[in-house]
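Following this line, the structures themselves.
Presented sequentially are two complexes of subunit A, the first with subunit B as partner and the second with subunit C.
Up next is the complex of A and B:
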């Protein structure tokens, strides 16, 4: 087990290395550069040259990459070209906001999706099942930004119950304010992901309902509720845990649109801003952190399996 | 084997039971009006092929049919009506009045729950057992079914149990509440033959101890002959014949029963040719009018009564009844040596199609062998840990030597995990061998590259076990058969569509089916397509890996006969890999028995089946349930202890020694050499090889023996 985790953590190193090189060289392949954004439209050639020199952007790309890499290995991801603040500090400000949003959104997705899947699977083929399937198709199909805007119009503009722009309030500081601020963006993402959860878990449940051990359980004279809770649901949850992990990890960098609609101070919006201003070190740092967290969450899921599935043993 | 005296109140009493599955498509009539009674201390065997309705009948008795089933008629279990009972009543009945043993022990247990908890779960749910006492009770129940170290085993999960142990646990579970009726649906079909013998003996013992009534569903006539008192034969959703085991087997009165008995290869009889039932079993959605068996029946002979009137079950003698308008015509004819068939298409003369006795044997040695396998080894590394180091090796094949002459059939038998399939795949080059030599037509083929193997593969083709998954569902039948030709760039040279049509004709299919898709065919037809595909390149050797084990008995006989005809016409050599000793005996010239990666005995069929010298062969042969109802002729049986060890950690010395009744100190240390035995043609690997002289253990109790 410890060997397995060490091995998986060791795998992070080459992944991050390759990813960092790819991002670095790809950014240079994209037209435009940070200098133009920094100096403004009316800058002279001299000003441009000076700024270019100042940030070392006139050196060959490979040299710049190695330079960045060597400093990154010491834990220094450089400074933002734009705000002149350390990249790690900027990321550190946004990361808790993103993690909290992702967690709340996943929780809402589970609270909505799991009961839907159970109701669907238990009434397989009925009108309820069809209605619920339609609902999850809707949740999946409607773009999140549109749902977000509708929610803002309803709850913030019309009913004036909730803020239109969602601030990051840590849950341990003020749970009530946290809920007021997070409920709209997290609800938007949660509704979307509940469609995926419901659809996937329904399929998984239906497969397990037809399994031989379920027939065995019924032949023992167990109540149907016991059969579902103790036998069907536990087995159906096994593949489902992976999906939940993937969706949760996906929200770390992938909630950009929702963050933008609610002007939420998350990591996704930071990346978009950084790309827009060609803030190379910041883009690089953000993507690497998002990637590392994505991999770590999936590792956590794999480790979790040791506890929920007795057949799995990483030796 | 004697049935108990008839008791007034049967444990299970079924009258006019009809089960129809209603779904989105057409209604499926699975069971169409059956009556049966099972009494205390009685074992009723229900025999039938797939789709006959036997499992549906069993599920109906246990009240386990799904909601899509529309049930009419009456099922009285211990005097209580099952049909139309409320969900709560059904629930109380299950586990208390009826216990069920299902077919596949690898899927009948919940993988996420300790076995002990699962065994006692029913009793706890019924309120007969306090949760606090469940742990102790689980250990007791596992001990009752002879599971060693029950204290620790109760806490383990199903994946830590072997197949036989899982089935023991399922039996413990089904009998925990001491139900009056046990429904066992193919309880040993998924098990190896030596383990099947153990499980049947256990089921018999527990049945005798509790006096329960048993309904045993099986397709295996040998199992029925071994353990049942009475038999009901089902066909097309009805019982077509019922009676005592002895009457049914000795004097079947329904033509289907007689045909079924004739079509199964028998381990105790040497026949030249099997006598299959022509055609296919009916599909429930498309039942023939009148008697459902008439399209396949030799008695029908164009008589309109068979096509218009569904015959009722009528008494044919004490305790025997048959549903056939012309059952009297079956007379006292011995089913195993039938007289002239009314339709004149009976079985071909057996003796004529047989090679002269010993003919092949005496010829052997003169033609150079087509295939020589010498000390073949296939080892699979198991990697683990941080650096994926090889921690163990599974010696799947560990020094196998065999040879095969042109036109000869070598049967390769063994239980699961013995390495017989790996041997076949390694010969074909589908798996890389670790060591040893493979010579095809005198030329070495081991270690050849993909390209080098290509010309060899033309002459050597493989037929797979599962006809359902070994055909690409997206390719038409013609394209599937043509694929090997196209791969080798020989499609036009071989004659294109004309050759495909010839191949289809050779395997008994109409050439017009070439454009149809695999899903339109039954299992037997799919296996014919698989054989046609293997024949497309005009090979000289076919490796047949369990080619008939997924098929019904009557269809199995058709395919076996087809293989024998093709061999005679085309001079093919067969390596016939199978676990079914009766089929192997029927088709092979010589037989090799494998155990844990090694051949333990190899010899001409007559010697190996008649005078086996290796203790494993002896035990294996004695474990096969035979269609043999004469108690006087009942063979003594060797019930091996334990199960096949894990191939990744085989016992030292002779792999068989921990289960062997002749083993001594030497066997645990020294690997016996594979060498000729005596001056015959048999070779064996045993320090104590020799014929069986004294029966070692008495035959186990049969089910239903008085307690």
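Up next is the complex of A and C:
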């Protein structure tokens, strides 16, 4: 087990290396290069020369990359061009907000998606099944930012029940305010993801219902509820865990649009702001951190597998 | 799948179209997309102008003159939604073609030659899939700057991994089939086998992916515009309209509704046709999309 985790962590190294190199050279390819972003459009030759000297931008790109990489390894992702603060500090400030949003959204997705999948799979082919399939197609197809706008229109503009802009309130500080602020953005993401959850789980439930061991369980005279809860659900949950993990990981960097709709102070908005102000060290740092977290969550899911499914042994 | 001759291909294409249109939801979707395409490209003839400003009628609700109201510059929202369809559809079409033009050869080469080429190309694909599509597009736009072609390239490149995977899977399943072996026995070059023998027999999953990815591309383009990094104004775009509409939710609540309806119906239509196509062509419901954090 420890061997497996170490192996997977070791695999992370080349991926992050290649990714960081790609990101670095991409940023270098910006028209005018990083200097233009630093000094602005109306800079004099002297200013350009001074900045180039100051940041060591006259060295070969590869040398600059290695330099950046070595410092990144010690946890120094550089300084934001805009606020002059360390990149890692800025990311650290936004990360909790994004993690909390991702967790609440996934929870809402599960609370809506799992019962839908169960109801669908138990009434396979009926009008209810068809209606629920329609619902998940809708949840998947409607753009999250439009759903967000409609929710703001209804709950903030018309009913004046919830804030139109969502602040980050840590759950341990004030659970009630956390719910009031997070319910709209998390609900928007949660509804979308419930469509995916429902569709995947319905599929794997139906596969399990047709398996031999279910027939055996039924012929032993087990109650249908026991068959579903004890046997079918447990097995169907296995592939489902991966999907939940992927979605949760995806929310870390992928909730940009929803964060923008609700002006939620998460990591995604930090990236947008960084791109807007051409703050390349910040863009670089954010993308690298998002990628690392994404891969780590996927690793965690694989490890979790061993605990849910005793048949899997990573040796 | 068997090798197809041109006339047989036409006949089978007609059969596929008939079977897709036999599904009511797909027929409605095709009709909607046709209507919106025709409208988008003939709107100028109807006297609609997406840029004309009426300073006396800013942020007005629906009226006889402006059935869907006006925006903050007194422009006709209906006209802008119709012209926005042009932006959306052309960007998406370009992006999907670009994705296929890069992804399909990548997948063919990876699958055909295997070995180090396969490993290298597929690692690139994995890396591209590891970042949420929107992040990849944002990083590209940070580099390329903000323009319609940048949006097209950014959206297109996010679709490359999907085509690479589909094409690779096709090669792997067709590679050892008799008709490919026969062509190779006659001394065909690798590129002849790949592009003239395997590719023509792989059109059905690739076509299905093109339709499915059209919906993703439209959504992604709109999302980029919504974030303020898409196609720059004053070109009308649905995402940009939703972005501005959101600023005026209290003054003009109907502003953000119509662009959203147009966007959603277009996306749902492509999704529906994609599902119908995959059920007809592959006899299965590949409706389950790639799980991505947001549909963007």
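Please note the rule applied: the second predicted complex is superposed on the first by the 284 of 315 C-alpha atoms of A that agree within 3 Å, B and C clash if a C-alpha of one lies under 4 Å from a C-alpha of the other, contacts with A are read in each partner's own complex, and residues count from 1 in each chain.
Operating definition for what follows: a residue touches a chain if its C-beta (ideal position, glycine included) is under 8 Å from a C-beta of that chain, and two chains touch if they have at least 3 such contacts.
All values reported here derive from a predicted model rather than from experimental measurement.
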item	value
Partner chain(s) touched by A:169 [first = subunit B, second = subunit C, both, neither]	neither
First (subunit B), second (subunit C), both or neither touched by A:199	second
Contacts of A:235 with subunit B and subunit C, given as first, second, both or neither	first
Which superposed partner A:184 touches (first subunit B, second subunit C, both, neither)	neither
Partner chain in contact with A:151 - subunit B first, subunit C second, else both or neither	neither
Partner chain in contact with A:219 - subunit B first, subunit C second, else both or neither	first
Which of subunit B and subunit C A:3 touches, first, second, both or neither	first
Partner chain(s) touched by A:87 [first = subunit B, second = subunit C, both, neither]	neither
Contact breadth on subunit A, by residue count: subunit C or subunit B	C
Subunit A to subunit C touching residues, read off their complex	15, 18-19, 22-23, 26-27, 29-31, 137-138, 140-146, 149-150, 152-153, 156-158, 164, 189, 192, 196, 199-200, 203, 243, 246-247, 249-258, 260-261, 271-272, 275-276, 278, 280, 283, 287, 290-291, 294-295
Subunit C residues touching subunit A - in the complex, by the definition given at the top	123, 126-127, 130-135, 138-143, 145, 215, 219, 222-223, 226-229, 242, 245-246, 249-250, 253, 256-257, 260, 263-264, 267-268, 271-272, 287-289, 291-296
Subunit B partner contacts - residues on subunit A that touch it in the complex	3, 6-7, 10, 211-213, 215-224, 226, 230-231, 234-235, 238, 308-311, 315
Residues of subunit B defined as touching subunit A within the complex	62, 64, 87, 91-96, 98-100, 102, 104, 107-113, 118, 121-122, 125-126, 157, 159, 170, 173-174, 177, 384-386
